Each structure stands twice: as C-alpha cells, then as structure tokens.
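Next up, some structures in structure tokens.
Shared chain: chain A. Partners: chain B in the first complex, chain C in the second.
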Partner chain A sequence: MSKTLRPLKYWVMGLVVAVIVPHVVGTVYTNIIVTFMLDAVFALTVNLLMGYTGLVTFGHAMFLGLGGYAAALALKHMPGFPLIGVIFVSGLAAFLLSCAVAPLLARVTGTAFAMLTFGFGQLMYVICLKFREITGGEDGIAGYSTPPIHLGFTNVNITDPINFYYFSLIVLGAVTFLMWWLVNTPFGTVIVGIRDNALRVHYLGYRVKHSKALVLIISGTLAGFVGGIYALFHHLVSTDGVLTIFVSFYPLMACYIGGIGSFFGPILGAGILQGINVLISRYTQRIDLVNGIIFILVVMYLPMGSIGIWLSIKGWVLKNKRKA
Partner chain B sequence: MYILETNGLYFDYKGLEVLFDVNLKVEKGERHAIIGPNGAGKTTLFNVITGSLIPKRGKVMFKGHDITRTAPYELFRHGMARSFQITSTFAKQTPFQNIRSAILAKRGIRFNVWQRVDKLDDITRETDEFLKKLNLHNERNFPAAALSYGKNRSLEFGMAAASDPDLIMLDEPTAGMSRDETHDAVNLIRKLSDGKSMVIIEHDMDVVFSLADRITVLHRGEIFATGTPEDIKNNQQVRDVYLGGTEV
Partner chain C sequence: MISVAEMYIIQSIHGVVYGMLLFLVSSGLTIIFGMMGILNLAHASFFMLAAYFAYTITVVTGNFWLALIIAPIVTAFFGILCERFLLRNVHAMGHMAELLLTLGMALVILEAVKAFWGTESLDIAVPQSLSGLVNIGGIQYSKYRLFIIIMAVVILTLMALILFKTRLGMIVRASVTNSAMVSALGINTPIVFMLVFGLGTWLAGVAGVCASPLLTVFPGIADQVGMDCFVVVVTGGLGSLVGAFISAFTIGELNAYGVQFVPRLVPVLTFSFMVLVLAIKPAGLFGEREK
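Up next, the complex of A and B:
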C-alpha cells in the first residue's frame, strides 16, 4: 500500500461509517450526532483563530447567531426560498458582520482582542434581545418550516432526521474541508507565523493586520454557515440559544479538551463533551458543573488536550520500539 | 550611489538625545560594521533604519528612496531584511518551516489560499537547499525551540538571508555565542552575504575585523570615525574611547 493511498483508505472507511451510522443508531442518536457535528465545526472555526492565529475569541457566537437569525428570517418571511439560498444567506450575513468588525479586531491582540470580541458578542446579544420586532426578543424566531431540497429528479425532505443528518454532514463536511485546506496553504503558514511571532511576519513583508482581518472574515463566515444549519436543525433561533456568552465559550472548551495545537483536536473535544453530556444527563441536570470540572482538569493537567495523551502514547511506543 | 544613507539623523527618547546628526553611508556590496561602547546609540540607529523607530529629524535613504517613515513590511518588499539581537524565529516550528516562510515571503506569496504549501515543489527544494547552506538540514524537522543556541542563531540569520535581500541588517549576530560557535557563524555570514550589502552591529572585535569592509564608530550618538578596519585599528582616538588600548 503506497503512502498516498493509505490515508485515502481511512477516508473511505470513515465515509462509509458516516453514511451507515444513522441507519444503525436510530433517530435520537442521529440527532445527537448532528448536535455534535454542529459543535465540532463551530469549534473548528474558533480554533482557526485560537489555535492557528493565536487569537482567543470570547464572542464567536455573534457569527453563529447572526447566521442562525438570517436563516430563520429568510425561512419565515420568504416561503419557498430554496434551502441552498438559506444556507447562503446565513453565510452572507456572518460575512458582512465579520467584514464590519474585522478592521477593528485586526488591530489588537491578546487580552484586548479577547475583550473586544467579548464586547461585540454581547452587543450582538443585546441588539437581538431588544430588537423584538425582527428577532422576537427572548422568545426568538420559531415556527418556520423547512423546505425540501430540489434535486431536479426528486425532492429530498429535510425534516426527516436521517436526511437532515446527510444534509448537515455534507455542508459541515465542506466547511471542515475548506478550513483544513486553508491551514495547509501558504496563507496558512502566514497565520501560524502570526501566532508564533507577529513581529517577524511583519519583517518578512506581510501586513499582519490584513492577514488577521482575512482569517477573521473566513472564520466568521464559516461560523455563519454553522448557524444556518443550527436554525434548520432546531427550528428555533433565540438569544439564549445562539448568542449568549456560553455559546461563545463552549467551542473554547471543546478546543482545550480536544487539543488546541492540532486541526482535529476540537472535533475530538466536541465529541468528548457531547458523550459526557449524554451520559451525565441520565443521572443529573448539573451538566455545566461536570463540564466545568473537566475543563479545569484539562487546563491544569493536560495542556495539550486529549490529543496530547495520544501523542505521548505514540511517542512512548516509538521510543520503546527504537530501544528494542 | 550609496545603497544606504542617513542624512542628519536625530533621535531622542523623551528629551534624552540618542542620535545626533548621524550621517551613515553604506556602499553597495560592502559589509559595514557599526561599533561603539554601550549606550552609543547603535541599536537605536539600527531601529531607525529598519523602520521600528521614527527619527526626530533627518532622512534615511535606501537605494535612493526616502524610507524614513516606511513600515517594516514595505522595507522588506524594497529589499531590506533584518535579523534580531534576541532570537526571533518561529520557535514552535521547524527550521524547514521557518526558512520556508522566508522563501515564500521572498516570492511575494501572501494571500495564496488555493494551493497546498507542501505541494509547491520548487519552494520545498529551495528551502532544503538553503537549509544545507545553513548546515541545518540534519535538524530539518525538529522544533526550533529544541535546537542549540548556536543553531538558533544560524536560523535567525538564515531567515534574514533566505529572502535574498539587497541589504542585510544584522543586530549582534554572534551575541552570547561560544568561541567555536562565533567562528562558525562568521564563516556562515561571510559565505551567505558574499556580494551583498550588509550592515552589522557587533560587540565582538574579532568578528568585526574579520567580516567588515568598512567600520563606523558611534560614540555618544555621533559618528566618531569611519574607515577601513586598518584605519580604525590605527586610529588613536578610537583606541582611547572604545578599544580601550586592548591589543587588537
């Protein structure tokens, strides 16, 4: 088996599993998996900023939230609007918002960046809370119906959980692929350079602010797509659901628990959190307490996240192999 | 025409005069060392030239253009690269990735999001060739933070030189090195700056006298003397203020 084919084999296996899974596990777990995918890809967009560019954001919910509201509004006020258009609109809304905030955010780093994103996120929260005529305030927007996808020869009903699973798998998979591609391009090396040493990047002829603004816009726009899927999945978009500080904080936890340094760490982290939530909720309602404790333990004892465990096992095995 | 020229440069830190009418002239293709006792204003002059400080008065000319208020990223694009006194590489990344960043920068590849960087074979080849010149090819895939101090300094210098600039600005390239490391570093700098213009700030007189074509002595923010290494060695006033009568 050649070197290039081996990863392909795993990709094909993964794809087959992903296709079969909803038929095996049933509706409840299919929906749990969709929730996990939403969390995971949202965490990836945060990791693009935090893990790759070194920008910790406390306000990423504004992009997810705006994407969600845009999708909900489009569905509510424009019956018959095609589904692809809805996804596009949610991305567009988040794109416009990120274009508006990026010029300001790109000028600051570190704590100032974190606080500014926090400020913008809360601003978005309050605006949507108070702008009742459009956003429905605390109640949010609900009661919109999801149109089917027209594929020419047939219509796919997205309200069916399994169909929705496939739909979100395709969209979120595309978003994930775009990000994976991005971090492997020359521009990806620039943003990692900014994380490690922005001054050197400046002295290598790059306008650091411009690069930061671009990665902010990309990350924000992709988070908007996730928000669009969220709106279609939950049939309800409200400030508490998509715009509170906890929505911004959850992907940070997923990134830390999975491992910030790697691309797939946040996916692992979101999976761990989701798995724990499913297990814990059978016994107690204090899920946030358990999450918080896990978060503290990871930050204290696993600075590389769960991926770090895997890496140290791999390192240990390699070391013993070399000895033998 | 001079590749680098400063005209009547003044700089002060809140009233404390650091540079006082500095007229530095660097010929194309020469290695020019700036020496002087601590507090002479060497690093300030370096920072003014490389765009991190703006002078109070005076002009910096590079290749005939006024670059006094030009941002660092633009200076790089005009062909001026610098190294840092305190190693300032991408420490979490490998030497390969570090040098590759400089090569990408040289080619002006900035917002390329449609090609995979590891599939750009000519970039990879050029990076590997340069790593061989730096004698870092054996450490190609280790994180820079795990390398020895000397190797890190090579990498630091390499990142400035890899972009094939017209003028290399080196801020104390051998600071903190052992005698052997310094010897290797001098050979490396000589090899990679061949035929290029270079400005070097340095404390180590052995380094200065073995590298420099011309030397400028800075003293209390003013140019005290300029000349060939021989001139400077034989200048009695320079010996008094700086060389301190040590045998050189």
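Up next, the complex of A and C:
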C-alpha cells in the first residue's frame, strides 16, 4: 500500500465526481449512493479490526446501533439540539460502549473473539427489544425532525437529499480519512504486526492487549458516527434496522467480497453488494435470504473475494496465452 | 393464592425445566465444539427449525407425539446435510471459514423460516394427556413441565451411557480430545463428525419440540434460546459437558428468578454471570484450553 497520497489527480477526480454525481443521477440514486457510503464506511470500521488487526467481529452492529439510538434519542427528546452535537453524541455513546467491552474482548483472539462479539451484539439486541419505553422495541424510534446546520450566515436544510448527500460525504469522508491516516501511522504497523504474529510484537516490547483494545475502541467509536448518520438518513432507528445479526454480517460480507487485507477492498465489496441488492430487490422481497446464500457461496468458493476472481481470471488468461 | 415459599419452589422447578432444555441444546453444541473447534452459530437455528416442523406436523396430523418423534429426526437430517455438503467443504480452510459459514447458515435458516411460516407467533397446544396441573406435596404444578424434566433426564442418561460405556462413545470422546490422532489410528473421523453433528442437531430438535408449547413458535425463538445456550457453553468452558451441565442449571435458575423479580433484566443477568466467570476464569468453569 502506498504510504502517501501520491496519485493526487485520482483523488481530485474522485472528489469532482463525488460532488457532481447527485446533480446528475436524481434523488433515488442519490439516496442509494448515501446507503452505499454508509455501508462502505461501516465496512471500513470492521475492516480496521478484521483486515488490519486480524480480529473478526460478529457484533459490530452494537456500536452502529448504539450510535443510531443515541442520535435518535437526542433528536427526539432535546429539540433544538445542534446537528453537530447529535453526531458527537452518537460517537460518544459508541465510545463508552467500546470502552466497556474492550477489557474483556482484548484478552481473546480468533474464533473466541468472534464468538464473544457475537454474544455482546445479541445482548444489545435483546436489551433494546425489552426496554420498549426507551427504544420503542421492534417499532423503534421514529418521527424526530432533523435540525438544519447553522453555518453562521445561513442555515443548510439537511432534509434535502442533495444537501444530505454532501453532509454525509463530509462526515463519512472524514471518518474514512481518519482510518486511512491511522493505518499509515506507526500504530497501524503495530496492529498489522499483531495480526501476523502477536507473540513477536509482544517480544518487541509493544503492549498487545492495550493496542487491541485501542483499535477496538477506535473502530467502535467510528462505527457510532456511522450510526448517527444512519439515524439522520433513515428517520427511523429500530432493532431490525440497526441491531440484528444481519447488520453485523453485512460489512463482513462486504469485506469478504471486496477482499480482505486492502484498505479499499471493503468499499468495492459494499459497492458490489449494493448493486446486487438494488438488482434483486426488483424481483424479490427476500433480500436477506439471497444475501445469506451469496455469503455462504463466497465463503465456500471465493475465500479471497472478488480479488480472487480477478486473480483466477488472470491466471486463466496467462495459461491460455502460454498454450497459444 | 400461593404463598411465598410455594412461589420459590415453583420458580425453582421452572428453572430446572429451562435448565434441562438448555442442557439438551447446549450438550450438542458443546460436543460439536469439542470436535470441530468452533461454536456452531446455527445450532439454535436448528432448535427453531424443529419447533416450526413440530407446528406443521401438529397442524397437519393433530398429533403432538408424532411431532415429537418426527420433527427432531427431520431436523437432524437437515443438520447432517449441512455438515456433509457445507461445513466439510470448508474444513480445510480453517476455523474462521467454518465459523463464518455457520453464521451464514443461521441467517439463511432464519430467513427461510420467515419465508415459509411468516413472522407471527404460532401456538402449539399441549397434548390432552399432559395438559392441566398435578398436585405434588400440596403444590400445583404443570404436568407438561414435569414431562419435559422426565424426558430430558431419560435422554441425557441414554446419552451419557452411550458416551461413556460404548465403543462409539469412546471414539467420540477421543475425537473431542484429539481428532487428528483418532483419524491416524484408522477411524473414519469424517463419518463420526457427521454422526455427532446429526446427534447434536437431533438433541436441539428434541428441545425445540419440547419448548414449542411453552415459548410459542416465532422467529425470535432462536435469538432467545441461542443466546442462553451461548452463555451456557462459554461459561461452562468450551467443550466441557460437565461445565455445560452446571452452567445450564445456573442459567435456568437465574432465568426463572430473573423473570420473577427483574423481568426485563434477564439477559443482562445471565450475561453478567458469564462476564463474571470469564473475568475470573478466562477459559470458563471447566474449560481447559483456549481455542
């Protein structure tokens, strides 16, 4: 992975495209793109744990969900609460939760980590189902209004799809950039070292458990921000929307399909998944069923994700060339 | 009007019933863990699947006993198919692939159940001969719950006999300890795996059918029981039957009294118990190794 942002022209091109796109494709596709961005950045936070630190999490929905609930509760019960404050509150809630679970989770790795996060995620789900008067149970929290952003001289109405697109582009872009920056710091190298050989990192004098806890807290907090944007975008936060096992599983799928071990793989995977979902939702309501089957097929036949397809196509072409 | 003492006794028996059900499910889970080295995240889904099969069989034939016999067998058949055609194929790719696969299986089963049976709660009636109360030492108690206790005890005794007194049980126990060595001694471990997986899902199926009249059948049933089983197996020490037995009853009692006193904090209660145990003994009560 390149250590600098050297191919500057690609970044500038990407930014220009990102700015122009909502004016070209219309409201429906703008919203689909926002959904894609939410999925992609959430997948990136999972990849920070899975791809970089080697900790596969089955319960990341709890951070996203708590962030979403915090934002929705703040909007519902504190009218006039500024929007930036809402985003901050969602991050803070996820931060506190991740601080609470980190001491236990940092002690385990591999399948034990996956199973424990699964357990915590399910616990969060059940609690939110039971505490109906706070979380609304299955129906969730809805009917809160989104305040405009005060920019000093003007108020930006965030309910407009295009404005919301820019808003989420800025927040999620910042989250993405933060992670990009993080994995390129010396700390980023240490966590990759933990993934590859935790014992050696320990011998080198780094504190493995502390580092793992820190990555978990960072990843959880950033997922909380994504949850805040989710709450603002959907105007509805419910257990089915943000806390089911499907929510934890979707970014795993994005990472797997895009290919683990690269920074941008999850974004590619989220894009592919979004494309598939938009396509199949025309034919069936059972999107989750199709997703589950796709996931099983990917785990069984494509352990390297779409990069694996690319490599095998390349190998096949090379082989045929040699024959000819 | 029941007295306080009676309430305590009744809640304790409730706890035993739930503990029995939990142990039926988690004994299969923990044996499968011992053999494969992973928690089968789809295990509770088989529990749910059996409950739905039981519902359909009771509706079609009107006979609960038939459901009790057939539904677990059909479930075990599904379990064996999943092991043979899904799990075995990714075995070589390591534990994480297997774990991800069981997660995928859990999701597909959940969605398939929603597609076939819908999302609303379905009621299964307790058979005539077991409905009503029975008077034991002055306390009225539900016949059906007592029936569950007796049946679970019979099944578990049989299982313990097979596991500890027969050659097959010896092979299974040896595979749990070191499957590579057993395989090197010329025993066909893939078939043993398949049988054990089938047995585990059968146990989950029996528990599912037994629990269906008590819990009603709905898609969330897998979450509810699955989480408790998860706590049981992790707390008891992964792969340990004795640990699973002890923690199943602890969780059962915690549940029964939790429902009585702090109904909505039950999941928190059981989870706090797990965290407490793990904080003191990271490998669980009777766990020897960290997987």
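One rule holds for everything that comes next: the second predicted complex is superposed on the first by the 289 of 324 C-alpha atoms of A that agree within 3 Å, B and C clash if a C-alpha of one lies under 4 Å from a C-alpha of the other, contacts with A are read in each partner's own complex, and residues count from 1 in each chain.
Just so it is clear, a residue touches a chain if its C-beta (ideal position, glycine included) is under 8 Å from a C-beta of that chain, and two chains touch if they have at least 3 such contacts.
Keep in mind the model is a prediction, meaning the values are calculated, not measured.
Undergrad: Where does A:Tyr125 make contact in the superposed view: on chain B (first), on chain C (second), on both, or on neither?
TA: Second partner only, chain C.
Undergrad: Between chain B and chain C, whom does A:Arg207 touch in the aligned arrangement: first, second, both, or neither?
TA: In the superposition, A:Arg207 contacts chain B only.
Undergrad: Using the touch definition from the top, say if A:Phe81 reaches chain B (first), chain C (second), both or neither.
TA: neither
Undergrad: Under the stated touch criterion, which partner chain does A:Pro186 make contact with: chain B (first), chain C (second), both, or neither?
TA: first
Undergrad: Counting touched residues of chain A, say whether chain B or chain C comes out ahead.
TA: Ranking chain B and chain C by residues of chain A touched puts C first.
Undergrad: Of the two partner chains, chain B (first) and chain C (second), which one does A:Leu199 touch, if any: first, second, both, or neither?
TA: So A:Leu199 only meets chain B here.
Undergrad: Could you say whether A:Tyr29 touches chain B, chain C, both of them, or neither, answering first, second, both or neither?
TA: A:Tyr29 contacts neither chain B nor chain C.
Undergrad: I'd like to know which partner A:Phe264 touches here: chain B for first, chain C for second, both or neither.
TA: neither
Undergrad: Under the contact definition given at the top, report the residues of chain A touching chain B in one complex and chain C in the other.
TA: none
Undergrad: For a test of understanding, state which residues of chain C touch chain A in their complex under the given definition.
TA: On the chain C side, the touching residues are 37-39, 41, 86, 89-90, 93, 95-97, 99-101, 103-108, 111-112, 115, 220, 223-224, 226-227, 230-231, 234, 264, 267-268, 271, 274-275, 278-279, 282, 290-291.
Undergrad: Would you mind writing out the residues of chain B in touch with chain A in their complex?
TA: Contacts found on chain B: 50, 71-77, 81-82, 84, 88-93, 97, 100-102, 104-105, 108-118, 120, 159, 163.
Undergrad: Which of the residues in chain A end up touching chain B in this complex?
TA: Those residues of chain A that touch chain B are 181-182, 184-190, 192-193, 196-197, 199-208, 211, 214.
Undergrad: Please output the residues of chain A touching chain C within their complex, sorted ascending.
TA: Against chain C, the touching part of chain A is residues 56, 58, 104, 107-108, 110-112, 114-116, 118-120, 122-123, 125-127, 129-131, 245-246, 249, 252, 256, 286, 288-289, 291-293, 295-296, 299-300, 303.
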